[in-house]
Amino acid sequence: MIELAENRYGKSRVRLMKVTRHDHGHDLREWTVQVLLKGDFDSAHLHGDNSKILPTDTMKNTVYFLARSSKATTMEDFAKELADFLLGRNPQVQSVSIRVESTLWKRLTVSGKPHPSAFMRGSGELQTTSVERAQGGAFHILSGLDNLVLLKTANSGFEGYIKDSLTTLPETKDRLFGTAVSAEWHYMSSDLEFDVIRKSIRETMLRTFANHDSKSVQQTLYAMAETALEAVPEIDEIEITMPNKHCLLVDLSRFGRDNPNEIFVPTDEPHGYIEARVRRKP
Amino acid sequence: MIELAENRYGKSRVRLMKVTRHDHGHDLREWTVQVLLKGDFDSAHLHGDNSKILPTDTMKNTVYFLARSSKATTMEDFAKELADFLLGRNPQVQSVSIRVESTLWKRLTVSGKPHPSAFMRGSGELQTTSVERAQGGAFHILSGLDNLVLLKTANSGFEGYIKDSLTTLPETKDRLFGTAVSAEWHYMSSDLEFDVIRKSIRETMLRTFANHDSKSVQQTLYAMAETALEAVPEIDEIEITMPNKHCLLVDLSRFGRDNPNEIFVPTDEPHGYIEARVRRKP
Amino acid sequence: MIELAENRYGKSRVRLMKVTRHDHGHDLREWTVQVLLKGDFDSAHLHGDNSKILPTDTMKNTVYFLARSSKATTMEDFAKELADFLLGRNPQVQSVSIRVESTLWKRLTVSGKPHPSAFMRGSGELQTTSVERAQGGAFHILSGLDNLVLLKTANSGFEGYIKDSLTTLPETKDRLFGTAVSAEWHYMSSDLEFDVIRKSIRETMLRTFANHDSKSVQQTLYAMAETALEAVPEIDEIEITMPNKHCLLVDLSRFGRDNPNEIFVPTDEPHGYIEARVRRKP
Amino acid sequence: MIELAENRYGKSRVRLMKVTRHDHGHDLREWTVQVLLKGDFDSAHLHGDNSKILPTDTMKNTVYFLARSSKATTMEDFAKELADFLLGRNPQVQSVSIRVESTLWKRLTVSGKPHPSAFMRGSGELQTTSVERAQGGAFHILSGLDNLVLLKTANSGFEGYIKDSLTTLPETKDRLFGTAVSAEWHYMSSDLEFDVIRKSIRETMLRTFANHDSKSVQQTLYAMAETALEAVPEIDEIEITMPNKHCLLVDLSRFGRDNPNEIFVPTDEPHGYIEARVRRKP
C-alpha cells in the first residue's frame, strides 16, 4: 500500500516593487515572495478534488492586495501579515510559510546630494526572511542574507592539516580568502525591530571577517557566528555557509619571474564548502 | 555561552569527464561530484587547529585518483567507493556524504549509424545520487533526477477550487501543463542495478505524466509517484517537486480574433510550486 | 555640435508558444521573437515627440495577433510575414529586423509510440533566424543555430604550433575536442524550404565534425563550413564560431598512476575562441 | 569555389586578480581578459598547418606574465601593453584586439574606517574596454560600461505615440523607468587619463538619467549621450543601449482598491530595446 506523506504547495517568484511617495522623495522596495501552504490536501492528490485548494494564482493576488494596504516596512512584518491573512481565510490550511527575498537598490547621489527619485541596483546580495506559522501557533522567524561576496587579502593562512599520499596542496601563511556568505538566524521573539537587528548582525559579521586572523574558513565562520550571537541577544542561533572560492597563485617561475602573492586566478569551480550552525547553549 | 552545533565541510563542483575506450568505440561520462564530511572538527572551528582537517583539495585529488581505478559504471557505485575510501583513511570522520550529478551526453548518429567517438550534449536534465555512510553504518542512497522539463497539451484541467474575493483565475477543462520535474527516491538496499532501476522509474513517471487525465498538478504528481513505487519494488519512497510553469492563453478578442487554446505566452515567474513525498505504508 | 547617428528600437524576448491541433495529435512550437525598427525617429530622440513611435507593446501584440492567423510553419516564413505586416502599416519605418529563436521540444515516446500531446524539452541548442527588409527592398535572411554542444574523443590533435618563452602547452596527437557551435548562414533567395535546408546544413556540420581528422579547431571549423556550402547550393556564405572548451588531462603520476587519456577535468574558463566566415568565391 | 573570408581566434575568460600591496593597505583589481588575433592563418584553416598559430594557452600565460611586471593602473593601459607585446613577438599577426572587463570590488568600511585588506563585491555593473591595434597602426580604443541597472520613480511619461488597431498600452504621464545601461565610447587619443574620464562620463550619464524629464527612453538615452559628449572633449562618439525593463502597475480595482502608482510587478521579459549612437558632427 502507498500513502501520501509530507506535502505542500504554493506560489514562487511573486515579484513586487513598492514605491512609497513622501513629500521629500520616494522609497523603493523590491521583494520576491514565496507562499507555501501545508494542510489537508489529500483529496486533491488522491481524487483530483480541488475543493480545499486555494489557487496559487489567488496567492499571487493576495500578495499585491496586501502590499497596498500594509504599513509594514520590514520583510518580516509583511510576511507575518501575509501569513495571518491566509491562515484566517483558509481553515483547511494547517500552516503557512512565507519567504521574502529583498533586492538591493541604492538611492543615487547626484551633484553630492541624495536624489529623491532615482535609484541604482546594488550588489547581488539578498536579504531574506522565512516566516512560518501554524493555525493557533507562534511565529517561527528565520532571517538571513545570501550571496554576500567577500574577499580578504591579508590575515589568512592554512597550515597543519592532514597530509597523506593524495595531498598536493602546499601550506601557506598568507593566502587570499574569498567567499560568498549565506547566513540565517533564528529570532527568539516575533515582535522586534528587524531592520535594526539585521544591520547589527551583518555589520558584526563583516567586522569579524575583516579583522579575524584566519587559520581556516571554519575558524573564521565560527568567529563570525559567535560575535553575531554575542552582539545580538534577540537571536539564539545562526547557521552560516561559506564556500571557499579559491584564488590560485599563478606559477610565474616557469617564465623567470617571481610572484609574491600578487597575481592570482580567481576560480568558480571546484570550490570548498563549509557550513556550521552555532547556538547559545541551552 | 555559545557552542558549535551541526557542521560539515567538503568540496563542491569537482568536475570529472571519463572516457572509456573499447575496441568498438568510446563511452563518455561527465559527473560533477560533491564530497561532504561530518566529524570531530571542533578544534578547527574553536582553536584554528587543523590537525583533523583533510583539505578539500585532497578530496578533489581523491575523486580523480579513484575515478582512474574504479570499475563502477553507475554514479551510485562510484559514490559508494568514494565514501568508503574516505571513511577508511579518516577515522576522525563520522560520516561521509557524496553527491554526484550526471550531465547528459548522447552519441552522435552519423549517416544512420552510431558514431564511435562523437557526442552531443543532451538536455539540461540531470541524473543525481546522494550516498551517505557513517563509520560502521549502512549506506543511505537517494537517487533522482532534476530539471526534467515536460509539457502536455491535452488532458489537463483545473476546476472546482476555492473562490473568494481575491480569485481572478478562470476555471478550465483544457490547459497547457508545463513543469520541470525534480525527483528523489530512496533505495531499500545498496547493492542494486541502479541504472536499470533508474530507467524504469523515469519511464514510469514519463508515461504517467503523458497519459494522466490531470485535475491538478497535485493529482498528477501523486500518480507519477504512485506508479513509480508500484513499478519498482526496490524503492520505498519518492519525493517529487513539480513547479507549475504557466503558459498563459493570450486574449486576442481585443483584436477581433478568437484563440481556441492555440497561442500562449510561456512564463518563468511567478510559478506554482508543488511538492510531495509518497511512500509505502509501513 | 552633436548629432544622432544610427539608432533602432523594438521589443525583445516576446515569447510565443503555439499549439497546432491535428486529429492525430498536436504540434508544439516555442519561439522567442525580437522586433527592431529603423526609421525616422529623430524627433523622438531630440524633442520627445512620440508621434512617429509605434509602442514596443504594440509590437508584442502584433506578434501574437499574427501568430494566430499565420500559416507559416518555419520561423523564416513567420518572420517574413511579421516584417511585411509592420512595414505595410508604418511608412515612417525604414527597415524592420525580426529575430526568432526556437527552443527544442521533442515528442515523448510512451510505450514505444510517439505520444500525441506530451513533450519533453530538448537540449539547450537554439535554432535561429534573422530576417531584415527595408521598405521596397528584398529580404535579407540569415539563419543559424546556437549552442550546439559537441565533443569528440578521437581524431583530434594539436601540434606544430609556435613555441616561445611563454609556451607551456605540450603537443598532443590525441586530445578531447569539445565545443559549442554557433553558426549563421546567408540564403541567396527568400522563398525556400527553410526547414529542409536547415536540416541538411546541420547534419553536414555534425558529420564533418564527427569524421574529421582534426589538426586544430580552425581546420575542423573550416571543413564544417566548406562541406555545408558544398551540400547546400541555396546559401552563399556561413559564419561559424567554435570555442575550444578545454578538457584538461589530470596528472595522476603524482599519485603513482598513469592516465592514458581517460580522466579529464572539463572547464568553462578560460576557453579558446575561434571564428571564421567562409563563402563562395564571387 | 569556396574561400576563407574574415577570421580571428584567441582566448576568452582569462581571469586575473591582482593584489597590489602598499604600506597603508592593499589594492584589488579583478579583470577578465579576452585576446583575439587576426592575421595570416589560411594555412591552418585549409591545411592543418599550425606553424603560424600562437596557442591560445600561450596567450593566457602572456596575460599573467605581463600582469606581474605591468605598471598599468587602468584596463586601457594594460590592454595597450598586452596588444603591443603580442604584435612585437608575432609578425604573422595583422592586428590584435584586447577586451578587458572589470568586476567591481569595494573596500569594506569597518568601525567607520576603510579596511586595508578586506573587500566586498559591488554590483553586477562591469567596466569595459576594447583596444585594437594593427601592425604599425594607431590604437583604436572603445571603453564602456555594461549592466548599470537604474530606475527612476518620477519624471517619466510616455504619451502621443501611434495608436492603431493593435494598441492596448494606455498613455501615462507618470511611470517607473527601469533600465540596464550599456554604453561604449570612442577615445580620440590613446594617451589619456582613462579613469578620470570614465568617472566623468559615468557621473554625467547618471545625473542626466536622474534629472531628465523623460518623454521616452529614446529621449533620455539621447540626453545622456549628449551631455556625456559635452562634458568630455576626449571622446567623439558614444553608443548607448537601454532596454526598457517594464514595471507593470497592478490592477487592484478588481479587489476594490486603488493603486496610485504604488504597487508594481517588475518583469524581465518581454522588454523594450532602445539603442543609438550619438557623435560630434564632423
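Which chain is which? They are A, B, C and D, in the order written, and residues in each are numbered from 1.
Heads up, the rule we're going with is that a residue touches a chain if its C-beta (ideal position, glycine included) is under 8 Å from a C-beta of that chain, and two chains touch if they have at least 3 such contacts.
All figures in this text were calculated on a predicted structure; none of them were measured in a lab.
Shared contact partners of chain A and chain D, listed by label: B, C.
Chain centres here are means of the Cα atoms, and by that rule the chain farthest away from chain C is A. Compared on C-beta pairs in contact, B-D and B-C come out with B-C as the pair having more. Shared residue numbers account for over half of those found at the interface formed by chain C and chain D, and the copies are therefore classed as meeting with the same residues.
One simple way to say how far apart two chains are is to compare their mean CA positions; for chain B and chain D this gives 38 Å. Centres computed as Cα averages put chain C at a distance of 24 Å from chain D.
Chain B and chain C have Cα centroids lying 29 Å from one another. For chain C, residues that reach two or more other chains under the stated contact definition are 15, 61, 65, 166, 168, 255, 268-269.
Those residues of chain B that touch chain A in the shared complex are 1-15, 34, 36, 41, 44-58, 60-62, 65, 89-90, 158-162, 164, 166-169, 214-219, 221-222, 225-226, 229-230, 237, 243-244, 268-281. In the complex of the two chains, the chain D residues touching chain A come out as 15-21, 26, 28, 30, 61, 64-65, 67-69, 105, 108, 110-111, 115-124, 148-155, 176, 206-207, 209-211, 247, 250, 252, 255, 257-259, 261-267.
Contacts from chain B toward chain D in the complex involve residues 165-166, 168, 254-255, 268-269.
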